Amino acid sequence: MPSDFILDFDRVRRLGFPEVVLAAGKDTAQIVAIVRQLARENDVLVTRLTRDAWDELSREAMPGHADYDERSRTLVVRVGKSNRFVPGDVAIVTAGTADVDVAEEARRTLEYLGVTSRVIADVGVAGVVRLLGKLDEIERADIVIAVAGMEGALFSVIGGLVGKPILCVPTSRGYGANFEGLASLLSALSSCANGVVAVNIDSGYGAAMAAYRILSKGPKTWQKPRESAGSASRPRSTSTARRPASTGARRKRS
Amino acid sequence: MPSDFILDFDRVRRLGFPEVVLAAGKDTAQIVAIVRQLARENDVLVTRLTRDAWDELSREAMPGHADYDERSRTLVVRVGKSNRFVPGDVAIVTAGTADVDVAEEARRTLEYLGVTSRVIADVGVAGVVRLLGKLDEIERADIVIAVAGMEGALFSVIGGLVGKPILCVPTSRGYGANFEGLASLLSALSSCANGVVAVNIDSGYGAAMAAYRILSKGPKTWQKPRESAGSASRPRSTSTARRPASTGARRKRS
Amino acid sequence: MPSDFILDFDRVRRLGFPEVVLAAGKDTAQIVAIVRQLARENDVLVTRLTRDAWDELSREAMPGHADYDERSRTLVVRVGKSNRFVPGDVAIVTAGTADVDVAEEARRTLEYLGVTSRVIADVGVAGVVRLLGKLDEIERADIVIAVAGMEGALFSVIGGLVGKPILCVPTSRGYGANFEGLASLLSALSSCANGVVAVNIDSGYGAAMAAYRILSKGPKTWQKPRESAGSASRPRSTSTARRPASTGARRKRS
Amino acid sequence: MPSDFILDFDRVRRLGFPEVVLAAGKDTAQIVAIVRQLARENDVLVTRLTRDAWDELSREAMPGHADYDERSRTLVVRVGKSNRFVPGDVAIVTAGTADVDVAEEARRTLEYLGVTSRVIADVGVAGVVRLLGKLDEIERADIVIAVAGMEGALFSVIGGLVGKPILCVPTSRGYGANFEGLASLLSALSSCANGVVAVNIDSGYGAAMAAYRILSKGPKTWQKPRESAGSASRPRSTSTARRPASTGARRKRS
Amino acid sequence: MPSDFILDFDRVRRLGFPEVVLAAGKDTAQIVAIVRQLARENDVLVTRLTRDAWDELSREAMPGHADYDERSRTLVVRVGKSNRFVPGDVAIVTAGTADVDVAEEARRTLEYLGVTSRVIADVGVAGVVRLLGKLDEIERADIVIAVAGMEGALFSVIGGLVGKPILCVPTSRGYGANFEGLASLLSALSSCANGVVAVNIDSGYGAAMAAYRILSKGPKTWQKPRESAGSASRPRSTSTARRPASTGARRKRS
Amino acid sequence: MPSDFILDFDRVRRLGFPEVVLAAGKDTAQIVAIVRQLARENDVLVTRLTRDAWDELSREAMPGHADYDERSRTLVVRVGKSNRFVPGDVAIVTAGTADVDVAEEARRTLEYLGVTSRVIADVGVAGVVRLLGKLDEIERADIVIAVAGMEGALFSVIGGLVGKPILCVPTSRGYGANFEGLASLLSALSSCANGVVAVNIDSGYGAAMAAYRILSKGPKTWQKPRESAGSASRPRSTSTARRPASTGARRKRS
Amino acid sequence: MPSDFILDFDRVRRLGFPEVVLAAGKDTAQIVAIVRQLARENDVLVTRLTRDAWDELSREAMPGHADYDERSRTLVVRVGKSNRFVPGDVAIVTAGTADVDVAEEARRTLEYLGVTSRVIADVGVAGVVRLLGKLDEIERADIVIAVAGMEGALFSVIGGLVGKPILCVPTSRGYGANFEGLASLLSALSSCANGVVAVNIDSGYGAAMAAYRILSKGPKTWQKPRESAGSASRPRSTSTARRPASTGARRKRS
Amino acid sequence: MPSDFILDFDRVRRLGFPEVVLAAGKDTAQIVAIVRQLARENDVLVTRLTRDAWDELSREAMPGHADYDERSRTLVVRVGKSNRFVPGDVAIVTAGTADVDVAEEARRTLEYLGVTSRVIADVGVAGVVRLLGKLDEIERADIVIAVAGMEGALFSVIGGLVGKPILCVPTSRGYGANFEGLASLLSALSSCANGVVAVNIDSGYGAAMAAYRILSKGPKTWQKPRESAGSASRPRSTSTARRPASTGARRKRS
């Protein structure tokens, strides 16, 4: 039976990272088929996978070990072919509690890519002292991912305090004149702080990928199958885990 | 000859401040005629009066003493009927040098209304330490007018540090994704800081009037003719005067 | 167990009011945990809490006495540490019956903050005589919060009749060319009335906080624990209560 | 020499009014040629004709008597074939002095069409008492054209006070959040007053045409050539003339 | 028990039509209370009343005879105090089948107001010949209400063919670049046809009210109680009734 | 019983294709009635018919053989009066798996119109090599329909590589700054590739119709009833069928 | 001296047409250098070249014969290497006189490409009879380019009357709610007529290129140098020439 | 004389780069004063300085050696205190000739910061082969700055081919549906390529600063005064110099 889709297995060689599955807009059958094919070459990351979609999906036989996280709506399917450890680490800073979902999407993506990260939540500028108190910790990171909704003032404040690369993720948190993330997006782009950059609204994934591009220094870091669990070189990833992730049972590959 | 316009002389009694002339959209003849009529009752403030319009206007005989300021594009025509001194003072804080024109419009309007104010320029959040260094001075004011273009992050940072009323004036300074002040306007409205309020883009005038509403506690403060120059009770107004204001000669009333 | 969030207990000292919990975007567990921590220092206000979220939330043990109001979607958790009575009072004026939810959010927030207020509903300009009939009552207040959807003409009419501070809350009431509150928001910002100011669309909360900043004259008004019920100095708050608020039982602090 | 354009001489029979020339986007040669052709059948109205374009145009030989008015940017070329007198009259109400240009475009168009009108200027809602003082005069008209920029609150206030047809002309007067007339346009469309209608931003012409459609009750009112000057049945049109209109000399038809 | 709302009983005297109840944003209790009060003076019209809201509402005792129509989402409560017959008639022309709901809102409103109307459906310009075939019928009406979604080309075509007043109702029918009615709204406002006017998106009600303002020639047409059913002078209203309207039983007034 | 709608049976003669039924905004009864009438003259295509609407619809007696496809939301009712085979073929190229629904709407419409087409999925520019690998196949087609969401870069890349007509269908796939298809729409319109054209967002139907206009060379190709199944001249249509289409049983014509 | 730019000489082979020079954003030196290089292979077309830019440019030595047209802002540099005659012809239909500039850009581009065309001006729908009178002429063309500003109703009317490919060019003609061409652009995209397509606002060039893609049936039609003037097979192009084009003298190649 | 502005001399220590002067919105006197103060500590960069502003400015005595470049609108004032050489290099890739001004702003900023860069112009996707031919050169860089207007397809194509950090600069080049850079901005943000990031429209400066943040790895690279000219470690910067930069004479420091 011929496939509907053309997978881009060359991407690892060309870009240094494999194709990732954006679940939004795809049905269960499509996702399963794509995951299976990709898993022949690498561990697989699926993003924007809702709880309901996962409930339906997890009934299907899937290769390897499936690790679903509801908060970040990400699924990682591990088949023992993970990315090499990438030196350097990322501070993911959020303005408010409600931005944490987006931050977690970034953290989970970085973890999948072999990059160490840590989430520093709730340092929005409504109380800029909270941010100042965390400044040392933030400055020690190689890259800062700043996640903020509402008016996105966090981007400029951090950009004026820290000289490292600042990747801004505007979120759609807020209402009225936030216009679904437009206010925070325009803030990131119009920032008076020099050289801060923006990704799409709510795209923790995009910021993680941008961080990977910086830290990996380009292609040729994705590796041969090896055992991923417990490895000393696996990225350290300080999460803010509140509830256990849904973890499907390990299954045989068909 | 009957007049084209109906002036609102009742406004002082009703609102506590007289009608102000918005020069934009009016021609020289109209402005002169309106100023003359209003000057029978009060000193007169004209806003949004460009240098070119003033050059044309100043050739006409005008009542009293005309004090034009190019930077703020305001004209005050003094006929000895100024507003009473209003207790309280206003800190006008600007993010960048280029916001100073708007700040000056606020300061000149407050001065005309009998309110003390001071401009604290260049404390944008790209270097939040500059703002922190001025915090004591800002906190001492009764009201803060915050003037900022680009992404308007200043609004939230000040709103999170100072408990006084914060009146935000988004400016059209910036380019691209600032979209003529839209970015800073949305920031003011979506601010994560509690209870900051916004006026129209570039409206230093609007913020000054809002400050006056707060400090004057409503109508009945505008007064009988009295000599304004040198009066001990005149508002103190710490400007950032760079060049001498264009000051028309004192003229007889026709 | 370490917390996900950094609370800003310093806010009372710095700004004069405590941190308020915006329920939107937070899950039940997060809200409960934050409320418990904040309740150690002050009574707690939760906003944008839907009926469904409250039904789930109210099953959890909460400190003190929980007073939920569906119409305004606010929850007040009283632990005997309420704000001091703040002198002055606020008139909350609405254009239409459907704007009352937003007005109630303002009224409940003011009540929590110790500020007296009264809702004057249904005085939209489609029949400007209704507004004129209420003018004396409105003028007696120290501050006017004007709540209006559709085209927001109320803002300018009140701003031209009353000399007190006018805080405009554009609402998303209306359809088509109202564009989710954009029409009324632009009206507030472009108002021909002098010195009216705007908060975010539907933000009764924001207007109440702005009123508090004006009346409280800055920090240092939040007080030691004392008994709130029946106190003579508690704010008078004339509501438009239509249905009894959901009131959770008083519970022991854990 | 063949013509570039197809004129719609049938329009009078079909719609009851002749084709009008929109000068914007046409060059001098085009305008002259079109005017000459139309003048064979009717007096001709040209709109959106700037002072500079008129200066260039008036050097060309034109049929009949040319009456240019700079404020409304309209030109009427009279060749003795004017429209019949149309019973009924129109009140053109403006919010501010700067809206008068648009009001004059409406008044001049109505005059050309044989409709009586009067401009009632400067009754914006910043002082709603001015409007109330003019209410009797407004109510006596058969149709009200309301012209307002900024937030356009005038539309709703008049619509709530007067039961006649209300034709709203939003103007681009204002700045910032007026967004070139968008604020006043949305106000007209979202008005809480029942049954007010809108034409395009700054289109005094459009409102006049709509009034003509109502008063003329459809086609068959445009008439045979007759002498227009001094006619007893010519519409009365109370202008706010400030400066004499530019009136080209009468010229022979080529 | 005091009421939440201030009803505008003076509206009939002032404007010639009574207050109409916009159900959107009001709950059942509010609607019932308002209807009961208004019904003391006039028959009552309720608009934007969804099927679900009506199902809940119809269980309440209501005065008079309730006539609900799902397609137009309108309810008419008849208590024998209907509007006088208004001479003249209205053609309601729709571009597509899906615009008929909006057309029916106009028709039902006109019927309530005592105005004769007829719906001419499905004459969109994708087949302009259909429109031309109906032209005679349309031209005979005193007023044309044109209802169109998508690109709204109908407005200009009718405006160029018919000399009567043209009231355009842009609808939100369409998708993508229609942007919820924006495309058809801008078409109505930018129309190359002279003097066509627009009401809000989807507002059949607004267009009907505008037509009433034209045909009624202002206030003083609403009348004393009289029997409405079977009256010879009742407006003729040619509907496109497909399914019987939900008609609540006649109930005693409480 | 008179009909609510005026069908445009003349369309085949005038344009070369029959009226198609847009299900959105119509209820079941309307759709059935229209389909029955149209089926007297031609096979019938219904678009934007959701699964739920089809489930309700399929219970009604319908003429001929009903072939419903959920993915493209299209229904074809075959009564033996199909379009003539149209020479030429169309390549439908999609950027991502999630764009396939829109592509299938195009393919099904073309099939109904007698045009051969083939879907080439998943050749988005994130891996431009995939596109280059399919270039020969794409170039062999007479027309290219390019379907892309997100940033729509595919339009320009194909437009720069292939000299055939390029019909762009921007899709609403994506989130945040895609703004419901606005980003991809603006990309199609602003493309640096010469002479690519755009249809509405998500309108696979519109692109198919545009392709038909090109290949059919205008009217006079729709034919007399003849047996459609198994015909040698029927268009070849290479689908990407994943699941069997819902196919209603053949029914007698009433 | 190395060049700043990389020319795409392969474009003729790949796409069937050579690179065209967009003058906007380039300075005189750049344009001259590019034209010289391109002229080695083909006649050259320059678009968006203002009168002022041409005045400066024409002083430079240029290859071949330069033919500048102010109305369309196009320059054709003929070096005897013109495109082959392409069979088929295009009707360029405009709504108003002011759209003719855009129509002429299309006509001149088609002429350069070897395609026959004719401009049919001034058939806007404000008088749909004018359009109907020209219908036979329009239907005889192989492709229709429809050029319209304001509300763009022309697109749908023509699309409903003519079965040939309809390429819509929305223009920025109009004011206010036209929003610089947005209204007409949305009309083209939301058209109720089936299968009409749109190019960018004011892009007569884009429509011409799209027509060329259709008529040329892809690459391999651009030819060897041959004498272009007076050739029997040169496209017939019925212009609306009002003033002689600026024609630079023939110059030697440097 | 007290200064109007507060300079941020601490920025080098905190962020690793000094304050840069944005000329837009500042007058000559302000710019000169700021430059003089900043020049006490570092070489100074001024951006967005128009030719006219420079002509006025260059008459003033300035410290050190002033190097103005019209194309990029940048001024560098060298006082022998340049930034340390920063290892790594940047490829600045532009889609069209008209994007080169923005690219040059990036290049000049990088040069000032001590970073090696090279401009690779005219590799837009209208001829993707041009880009493929330059791919090796692009891939060798450590960072890619992609500059593109119109639809910005270049961002996604490069992002899909190159694994290094991709900094996108959307430009306002284009017209109509480009909406002053909005189309290319949305393309950068919605890109299907993983991890590309965006700066503000036309902000070559912003992209350069972002590149510096990545290559410099944070603060502590700005150095003590030393002679900058001819230094072996100065960045290599391959420009596309077309005309000699305006270079003011060396002046004494006052």
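Think of it as A, B, C, D, E, F, G and H in the order they're written, each chain with its own count starting at 1.
As a working rule, contacts are C-beta pairs under 8 Å (C-beta built on N, C-alpha and C of every residue); 3 or more make two chains touch, one makes a residue touch a chain.
As the structure is a prediction and not an experimental result, all values here were calculated from the model.
Note on connectivity: the fewest steps through touching chains from subunit E to subunit G is 1.
Put simply, the chain farthest from subunit G by mean CA position is C. Ranked by distance of CA centroids from subunit D, the top chain is A.
Remark: subunit D and subunit E have CA centroids separated by 30 Å (rounded to whole angstrom).
With each centre defined as the average position of its C-alpha atoms, the distance from subunit E to subunit H rounds to 60 Å. Averaged C-alpha coordinates put the centre of subunit C at 37 Å from the centre of subunit E. Those residues of subunit F in touch with two or more other chains are numbered 14, 96, 126-127, 160-161, 176-178, 185, 189-190, 194, 200-201. Chains touching one another form the pairs A-B, A-C, A-F, A-H, B-C, B-D, B-H, C-D, C-E, D-E, D-G, E-F, E-G, F-G, F-H, G-H.
On subunit C, the positions that touch subunit E within their shared complex are 96-100, 121-123, 126-127, 129-130, 173, 175-178, 240, 242.
Interface residues of subunit B, counted against subunit C in their complex, comprise 14-17, 20, 139, 142, 160-167, 185, 189-190, 194-201, 205-214, 216-219. Touching subunit B in their complex are the following residues of subunit A: 95-96, 124-128, 150-153, 155-157, 159-161, 174, 176-179, 182-194. If you check the complex, the residues on subunit F that touch subunit E are 4-6, 8, 10-11, 14, 19, 22, 24-26, 29-30, 34, 48, 170, 172, 181, 185, 200-203.
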